[in-house]
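Quick notes on the structure that follows.
Each chain carries a letter (A, B, C and D) given by its place in the written order, and its residues are counted from 1.
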Amino acid sequence: MDILVKILYAIIAIMVATIWGLTLVAIVRKIYARVHGRFGPPLWQPFIDIIQTHARRAQVSHGLMFYLGPVFRLAGGLGTFLFIPIIYNSAVFGNFSMAGDVLLVMYFIFFGQLGMALGAGEGGHPYSPIGVARGLAQMATFELPFSLAVIAVAIQYHTLNITNVVAAQQGGILNWTLFTNPLAVIAAMLSLLGMNSHAPFSLVKAPQEIPIGPPIEMNGSFLGILQTNRGIFTAAKLVLFMNLFFGGAAHPNIFVALLIMMVKTFSIYMFSVFIGAAFPRFRPEQSFRFFLKWPTIIGVLSVIFIAYF
Amino acid sequence: MEKKYIDEIEKEMKLANEGLPEHERKFFSDARPSRIEPLNKHLENFVNWARSKSLWILAFGTGCGSTELRPLMTARFDISRYGISGRPTPRQASVFVIGGYASMKTIKRIVRSYEQMQGPKYVIALGSCTINGGMYYDSYNTINRIDYYIPVDIYIAGCMPRPEALIAGFEELKAKIRKGECDGMNKYADNFDWYKENQKKIIKDWNMPDYNW
Amino acid sequence: MIKNSESKYKDFVADRSKYPQEENGKPVIDLSSHKYTKIWQGPQHPGVTGNMSVELIVTGDEIVDAKTRVGYLHRGFEKLMERRRYIQCFPIVCRICVPEPDTNEYCVSAAMEDLAGIEIPEKAKWLRTLNLEMSRLANFLMWIGGQAGSLGMGAISQWTMAMRDYWLDLFEELTGGRVYHMYMIPGGVRKDLPDGFEEKARELIIRTRDLLYDIERVFFNNSIVKSRLIGLGIITPEMVAEYGIVGPNARACGVENDIRINNPYVKYAELNVKMITATEGDAYARAKVRYREMHQTLDLITEIFDKMPAGGEIQAKLPNVLHWKIPAGQTYVKAESTRGEHGFYMVSDGTKYPRRVFARGASYTHSISVLEKLAVNISISDLAALMVSVHSCPPEIER
Amino acid sequence: MENLIKKLEQMVDVKSFVKKREDLYFLTAREEQIIVLLAYLKEKEGFNHLAFLQAVDYIEDNKFMLTYMLYNLDKKMNLGINVFIDREKASMTSIHSLWHHAWQYQRELHELFGIDFPGSPRVKESFVLEGWDEMPPMRRDFDTLEYVERTFYPRPGRSTNDPKDYMKEKKYKNFVDSPKLRR
């Protein structure tokens, strides 16, 4: 009986996260539009897009992996999400948080991309392998500073459990990792730029070079699933960062806590949006070089700093 | 019915793909487009509303009419307010904007891109040149009527039509979609042989499959 | 494979140790060996300029061979003009180059006047100069938006396209047409300036300057833009004569080739047009040259408004244009478009119909020979930027 | 300019020499001497910019007139060189060795006029037409309107009429003299 309740709670959490993630995507589109000097699409546009993609009459598949690719992507997004507590100390939004879930989450972040790579490769369009190669290489590079930052956090709090990490940051803004371990936060935020793949790191979906890259053959429901996953995955990433570095969202009143979560994730997202609105795109090797240079050095420094001082 | 008749019927229902060399034919589909019936009434109305609210234009500037697509997309006449955005690949696009005249080299690509689009797909034809040839009515390289080669939903007259006219045309298209009148995909499937005959009449070197998904 | 620090770009060489193996100087490209992939960039591709395509052969991310395929916009203008009378030729020529139609109008009208020996009045010359400069500015705004967009910087292209649209509004007020303005008819121009045109234009010039300063701050001083454009597609002064390179592409490597100064047409002799050159010859230098050209165009428009006489005849006496016979002869009239030398070669044989009209577009060589040479050894990511940087305009290639 | 003409006349035989404008001259040369003439003009006289190479179809006297338009950046002067070649089995010596972009014009002429340039690279490639099986379209005896009516589907209701008669009957019925363009 207990597990059923937990599953029900998880479904509620997924709903909330999906809606919030898609709304966040729409808000970001509007902000870009304002930078461009126009109005931009309405806030409900992503939802209508998803309905429209699922309502296509004909859908072309290229084999089994082509089916499984978006499914893996969605599984990766859900897996990333399900092990992150959205709200600290909440029965509904606690999710399946357990010991060592940080490692699981980082594995799931990879998992979705790999599944997507398999599916896109089956599509057979020459641009999708190029996009997949770019995406995986870039991910391998930006995962390095991120893992270093997570290792630093784990050393700092002597735990691999996100809930404990959040618990350790409670009680005052100065307990956040942002202030207790700034180097790790800097490294992680730099890698967030690549994770969100906004400019200048929007290599994977560069329209002028490889028109939209891996999902170039995805159509109809495949694309719809990918877009749904975009909402979930965005929310999951941002909530993870919020939990690890910005003190999580904790409040006795659940709605206030949700509000805190929204405000924090939004401001974390803005960091990469502001940079993306003002910069052109890197060449792939430039992007890889960027991640392997300063963010990695900062991450190593943060680990050393935490371990020995 | 006996099985061999069924086989014969199936054989003549298959496409010949004569344009392709012998060893390549097995790589391509030889199925004809099939008519797809809409869903039941209320569901169809709902999805039609969703389709009309998010139109994805195929990013293929086939003629000089596509010059006016850039002001349409950008800050002056911001078409994304109406949920219309560009899509770089035909697999995901739902609206094909034929920008002005189509030369004989372009109509081949137009046919190919149109057949690769996943239905329901709508076509908007810009400019007088797509209606009756316009000022290129006697040019040996530009076709006169686009609707002999692909089904067209909305014509926008003018050389070239202004962005306001384009916005009005898109609104017309939305109204037609909500009424469920834009059925170009099934029209193409029904009159497939007629369209193919017209296309092969002008595309002299037909080196692609007869119907490419 | 590709060095990308700004200083190293000067001696830019790709590592050819693996692919393709060279035999007596020529790379051997064997598609059946699975080392190479053939990719068609275009015609249905967001990164190509207009409706053209480049047939690429890549190994990994590096282009080893490129062939430009054009002809998707061929309308046979020259054949059509042989079937039309002189005055009927005039309204179709502006379709030859879509973003900048006025150069075609000027060239064909000037060619007819040159053959028929008609001298157009002063005010008409001033108005033609004004119109040419305005269209040059509009096209440059579109170009710099495309250059920024090809690097994935959407904001700049949105701003410049909006600003270009205000200039198109001025065009509409002056000529009645938004994109295609059949304005410079043979023997003069169609309309005089409307009231209040000058004030609107001056006010718009100020706004355009503000936008240009913003663009310099956001685009030209951007480290990523520099690291991507500097050293991309270097045109050397030796190539200029060999490949027939004209216009900003030639000026960006130090060759002083500007028809407005070398062979002044309508009123450029009385305006102070400065020769704007750079020395590097790479994409960044070309962009800078065009950026300074835009500023100079704004200056020129202001100067034209200062020097233009108020009244005056704007239309010379023509014979009845419906049966207008032009004496036999041949002529070549050229003007400086945004892409360089844009010329019309017209041969008449004494009848009502021209015998032969040929439109020489600058990007005829820029985006075929030059692009095929420059595209080799660069990464596939840079191809869109390179195509915009040589300013290829497909409709004027194939007419 | 005149001494240049003298020099040229000593070297090759220049048939006619026309001064069109201050900065535009035309001269007519013989077919077999064109490569010598162009090489001399390019290397010695500084006419090193080939603006274009085009053909004019003189069907009545059964000739093609090729025009090489050169430009001299120092003298700021255009020089057009006309060469008359035979129309049947039209062939011309290729100049792709002089300019790297000359092969484009030769490919275009080969496709649109049917003039052959032996040895020119990629001259047989298709430039703008695809699967064209008629005669080269830019020749005078190719009737494009007839081809259009044969190939495409003109929309009914379109009428073309001679502007002179049309204007006469519509507008200037009671005009005696021909109308002047007025602003």
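As a working rule, contacts are C-beta pairs under 8 Å (C-beta built on N, C-alpha and C of every residue); 3 or more make two chains touch, one makes a residue touch a chain.
Since we're looking at a predicted model, the values are computed, not measured.
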Problem - Maximum inter-chain contact count - chain pair - result: C-D
Practice task
Report the inter-chain centroid distance for chain C and chain D in whole angstrom, where each centroid is the mean of the CA atoms.
Solution key: 22
Practice task
Please report how many Å separate the Cα centroid of chain B from that of chain D, as a whole number.
Solution key: 39
Practice task
With chain centres taken as the means of their Cα atoms, state the distance from chain A to chain D in Å.
Solution key: 62
Fill in the blank from the handout: Chain-centre distance (mean CA atoms) for chain B and chain C, in whole Å, is 32
Exercise for the section: Pull out every residue in chain A that's touching 2 or more other chains. Expected result: 36-38, 207, 211
Exercise for the section: Give the residues of chain C that touch two or more other chains, as numbers and ranges in rising order. Expected result: 45-46, 71, 74, 76, 79-80, 83, 158-159, 162
Completion exercise
Flagged in chain D as touching 2+ other chains are 128-130, 137, 142, 144-145
Fill in the blank from the handout: Among line, ring, star, complete and other, the chain touch graph is other
Practice task
Identify every two-chain combination in which the chains touch.
Solution key: A-B, A-C, B-C, B-D, C-D
Problem - chain C residues touching chain A - in the complex, by the definition given at the top - result: 1-2, 4, 37, 39, 45-47, 61, 148-155, 158-159, 162, 218, 222, 224-225, 227-228, 379-384
Fill in the blank from the handout: The residues of chain C that touch chain B in their complex are 43-46, 50-51, 71-76, 79-80, 83, 91-92, 95, 98-99, 142, 157-159, 161-162, 164-165, 168, 178-180, 395
Completion exercise
Residue positions on chain A within touch of chain C in the complex are 32, 35-38, 126-127, 130, 199-200, 202, 206-211, 277-286
Practice task
Would you tell me which residues of chain C are touching chain D in their complex?
Solution key: 70-71, 74, 76, 78-80, 82-83, 85, 88, 114, 185, 187, 190-192, 241-244, 246, 255-257, 262-263, 314-315, 317-323, 329-332, 334, 341, 343, 345, 347, 355-356, 358, 360, 364-365, 368-370, 373, 398
Exercise for the section: Please give the residue numbers of chain B that touch chain A in the complex, ascending. Expected result: 36, 47, 50-51, 53-54, 59, 74-75, 78, 80-81, 83, 85, 88-89, 91-92, 94, 118-120, 185, 213
